[in-house]
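Listed next: structures, encoded as structure tokens.
Here chain A shows up in two complexes: once beside chain B, once beside chain C.
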Partner chain A sequence: MMNLPTSEQAGVLVVSVNGRIDHAVSEEFTRALEPLLARCTQGQPALLLDFSGVVYISSAGLRVLMMASRQAKAQQGSFAIAALTPLVQEVFTISRFNLIVPCYTSVDAACKVLGR
Partner chain B sequence: MNRGTALLATVLRAGRGRLLPTLLLAAAALLLQHIEQTPLQTLQASQFDRYQRLAPRPRDAEPVIVVAIDSQSLATHGQWPWPRDLIARLLERIQGGQPLAVGLDFVFAERDQQAPALIAERLPPAAGALLRQLPDPDATLAARLAVAPTTLAVVGLARQLPGARLPVHPLPALQLPLTVDRALPQFSSALASRPELQAAAAGEGFINATPGAPGEHGERSILRRVPTLAMIRDQPYLSLPLEMVRQALGAGAVVAEPGSAGMQAIRIGDYRLPTQANGELLLHFGKASASYYLSAADVLAGKYPPATFADRFVIVGFNSIGLQDRVVSPLGDSLPGVDVHAQVIESLLAGTALRRPAWLPLLETGALLAGGLLLIAAVPALRPRYAVFSFSLLGLLMVGGGYAAFLAGRWLFDGASVTLLLGPVFMALLGNTLIAADARRRAAERHLQRSREEAARVAGELDAARRIQMGLLPDPGQRFAGESRFAVGALLEPALAVGGDYYDCFMLDRQRLCIAIGDVSGKGVPASLFMAISKTLGSTLLRRHGDLAAAVRDIEGELSRENPAFLFVTAFIGILDVDRGTLDYACAGHDAPLLRRAGRVARIDTAAVAGPPLCALGDYPYATARLQLQAGDLLCLFTDGVSEAGSGDALFGGERLATCLAALPEAAPDALCRAIRDKVREFEAGAAPADDLTLLLLRWDGA
Partner chain C sequence: MKQVVFWGTRGALPTSLTSRDIHEKIVAALVVANGRSFRNRNALEEFVRGLPFAVNGTFGGNSSCVEIVTSGPEHIILDMGSGARPLGQAKIARFGVPNPQTYHIFISHLHWDHLMGFPFFAPMYIPGNRIVIHGCHPRLEEAVRRQMQAPCFPVDYSQAGAQIEFDLMTPDHPHYICGLNVIPTLQLHAGDSYGYRFESVDRTLVYSTDCEHKLEDIEAFERFARFFAGADLVIFDAMYSLAEAASVKSDWGHSSNVIGVELCQAAAARRLALFHHEPVNDDKQLARLLEETRRLEQITRGERPPLEVVSAYDGLILDL
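Presenting the complex of A and B:
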């Protein structure tokens, strides 16, 4: 089971994601996110993925983020990603995923916007 | 498996493989309790004999001397029976040395046939008168017997015989509990010596070796037990050797110690011997020795000084083939019967006998049950080889324990029979273990076979799917054969049997060439199905629409309509005016293609019009941009199977692809595709590709 350490910062649920998010771990990543997404509803703390430890993301990993984003939107929750490493940033730029999931340069920057 | 073996297997496996062994164990315990009625008795007896052979009783002291009527004596003094005055002379020689006690291993039941008075009766009265004046030999012997305490032999008889005579020296003051009395051998009659000899002797001891029903288990050949105490017409008597010891100790009282089911020991003075319930002594034999046998002829001739007999027990008996039957000891020695008397005296003085009290068979049964239950508990849980080991260890423990018990205290513990009786229990358990192991192995084989068949079937289906998928992709060389304005090469290698990448290239009309490359998120069968839909839908809608941007928006709309798995597709689609060299393109989250112009490689800047992957948002307003190509320009479309091919943590990357493309010589695009593919595979260094690899190269050669 993928380990996703969580912490609370300025009323935002910050989740640390690490390693490679590729086809091999995408299923696991999906399952690990499920309980967190279930709480990401209107009036609940925003869910922020801290991507500073993610070194690579494949299209399968992007799909997990897309589905997470759709679920959060459907529940009227708030879901975002922060602190992308250069390689991941490049993938996001090419695929224009910043249009699908809000991206922030750092966790602090994200918390200023999302926090209450 | 036929019906017989199936039935056997069912019986073996009953009660999780423990029912049959438990029943066998119960039967084994029953058998052990009644071992006397089974052939196992012989095995047990020979096991006890082995103990004795391993450690015979040491014979350090020689307290007994046997004066033997041997072949030499018969040669010198004539045939047996000897005249009784000759025996009286022999006795006189022995008595001269002050022995502790003397025993005669003979019964003088009738008158001496050579008595002068008897001969005189056959002569004329005048001739007989002289003979009648000679001393009577029986009287001479009686006088000699009276000189020192002497013990005569008695033969106990089970029924009245002509000439039978009861002994007259029963044990004094012997109080026997009823249980002991009943357990002892009972003789209704006896054969004893003549009354005047009985009267002159100090005591009488019986010489029966195997009372009761001798040899009922074929034991006649080997003598293992000798009675110590017997009832003759309800009067207690000791055996000859024990009576001799009693006489030496002053003819005191004897104590028969009562045990749980009869006797457990006999006490004479300070000497004590453990016995069986019926008073029998399990004699611990010592090795045979000839050193304490003296020839009666030599004794009569005065060859031994009187001191030879001082402080010894002296038994006069036979040691001649033809005069008496010999016994075989457990040690394998053939002994004259008189030797058994000597060994009994030695055993009593040393206080040693083999011990097998009434509780010992119970201990054996207990050991059998404990060992059997242990096996029943352990063997089904163990692997066959450890199971065999456990049984060997148990057997070793039982048999070794028997030897140890004998060496430590002359206890007779029959470990061999216990081990033997545990055999069937173990065999049943092991049989079940082996059947179970075999069944598991067969199940595993069947499972493996099924998995293989399943894998082969899936592989077959996947192979079919792969052929269909590959059939969807056009062959540019064939499609654009004879085309001089441009050349297209393409290549697709899925990471799994089927993949989510695709490419396409076709003429919209005489002037316009459409090229496309796409990558469905994920890989394998789900991605491949979505790929097939995307590719087909894409080419259809592109042919129908005049406007590229509208076509792309339409494609997204159609794809999103039925997309329950939320897959998405990155795509780059371009339309080249092959006469003018103008390239209109749209980009949906895909890697920007590379452009090689005059040996230099650059990335096409798609940022201004790039949108997210198709179906990611569902309603993105895609836009298009235009690029003017020059003759000889080489356009390189690729998927992340190229740019993100991995070797350890390093990725092939866009930079390395650009360098590689720049370095390639001028050649047909399909050859260049293969060259780039080879570079990527080289970089992966044999590692399995992580993602589908797709390349499409377009060279515009000008109008």
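Presenting the complex of A and C:
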């Protein structure tokens, strides 16, 4: 099971994601996110993925994020990603996933918007 | 297989430049020239050649039609989009009439943008020519005939002078045609489409257009990576961005530059040609897409050998 350490900052549930999010681990990533997403509902803390430790993401990994964002929206929760490394940021831009998954430059910047 | 010639590269429907597009290209060129003068025509030509492709050229134009040039006497054509019209004219100009030729045409699927050039393919009207239309759809002949019937077209299919034959192929089986092993495979597209893998003794080409790749279908990803394995050139449907293909245009039957790179990397293919361009995208957008795709390949390459990325345009000739 993929390890996703969590912490709380300004009322936001911050989840640290590390390594490569590729085809080989996308299902594991989905399963690891499931319990966190289940709690990402209206009135509950926003769910923020800290991507500062992610070195690569493939299309399969991007899909996991899109599905997570959709689920959170359907549950009226808040979901976002923050602190993308420059190369991962480029993948988001090239794939245009920066237009469909909320992204913030840093965890602090995200918490200012999403925190309570 | 020696070369590939792209006669039609636009997806969905033929798309011409507008007056506004031409105006912008001229303005962009004059801005770069910045008032300089040229001592002769050669100097001017050299300056024009040095301009970005989005300024001195255009991606075009016609809908899907690609030619494979071999050392054999027979002609191999992939799809009959509107690019089949200039292709047919070029063949007539080169071989003249009467000078019977044989054309092997492989049809990816029966949607109009892949068939609409056939009534304008001049060799079909010339007695003595032989045209073999290969495909996997049971209704292939019906679809070709139907578009040449009143009230859709003024010339009835029965007026064809060439001898026209239909060859119903079996997916995932090799077929030996014109000295090549040709393997069709089923692709995800409304009404089904088929990709083709062409293998000669020393070259492999894959033509895979109008195919959607669902991001959650890892098994299909691996199947296509095997289908593309070791290809010298993969001609790939890169109509949408990944985000579009996975969200608002999901189930529209097309793919993206990102999936093209990932599949070619997994397949250890040598070269990727972005194809079936979205009609909404102008030359500047398509040029940007190419640069982004090359950058994506660079930053995701890892230890693999480089994958060359090109963007197909009407008139592009690639040596294999």
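Everything that follows uses one rule, which is that the second predicted complex is superposed on the first by the 116 of 116 C-alpha atoms of A that agree within 3 Å, B and C clash if a C-alpha of one lies under 4 Å from a C-alpha of the other, contacts with A are read in each partner's own complex, and residues count from 1 in each chain.
Note that a contact is a pair of C-beta atoms (placed from the backbone, for glycine too) under 8 Å apart; a residue touches a chain by one contact, two chains touch by 3 or more.
Predicted model, so just to flag it, every value in this text is computed and none were measured.
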| item | value |
| --- | --- |
| Partners on chain A (chain B, chain C) - clash or fit | clash |
| First, second, both or neither for A:109, with chain B first and chain C second | neither |
| Which of chain B and chain C A:55 touches, first, second, both or neither | first |
| First, second, both or neither for A:38, with chain B first and chain C second | neither |
| Where chain C runs into chain B (options 23-31, 77-85, 95-103 or 149-157) | 77-85 |
| Footprint overlap on chain A, comparing chain B with chain C | 23, 26, 56, 58-60, 62-63, 66, 87, 93-97, 99-100 |
| Touch list for chain A against partner chain C, complex | 23, 26-27, 56, 58-60, 62-63, 66, 87, 90-91, 93-97, 99-100 |
| In the complex with chain A, residue positions of chain C that touch it | 215-216, 218, 221, 241-244, 246-247, 256-259, 262, 292-293, 295-296, 299-300 |
| Residues of chain B that touch chain A when the two form their complex | 519-523, 566-568, 570, 589-592, 607, 610-613, 616-617, 620, 640, 644, 649, 651, 690-691 |
| Parts of chain A lying in touch with chain B, wherever the complex brings them together | 22-23, 26, 55-56, 58-60, 62-63, 66-67, 70, 87, 93-97, 99-100 |
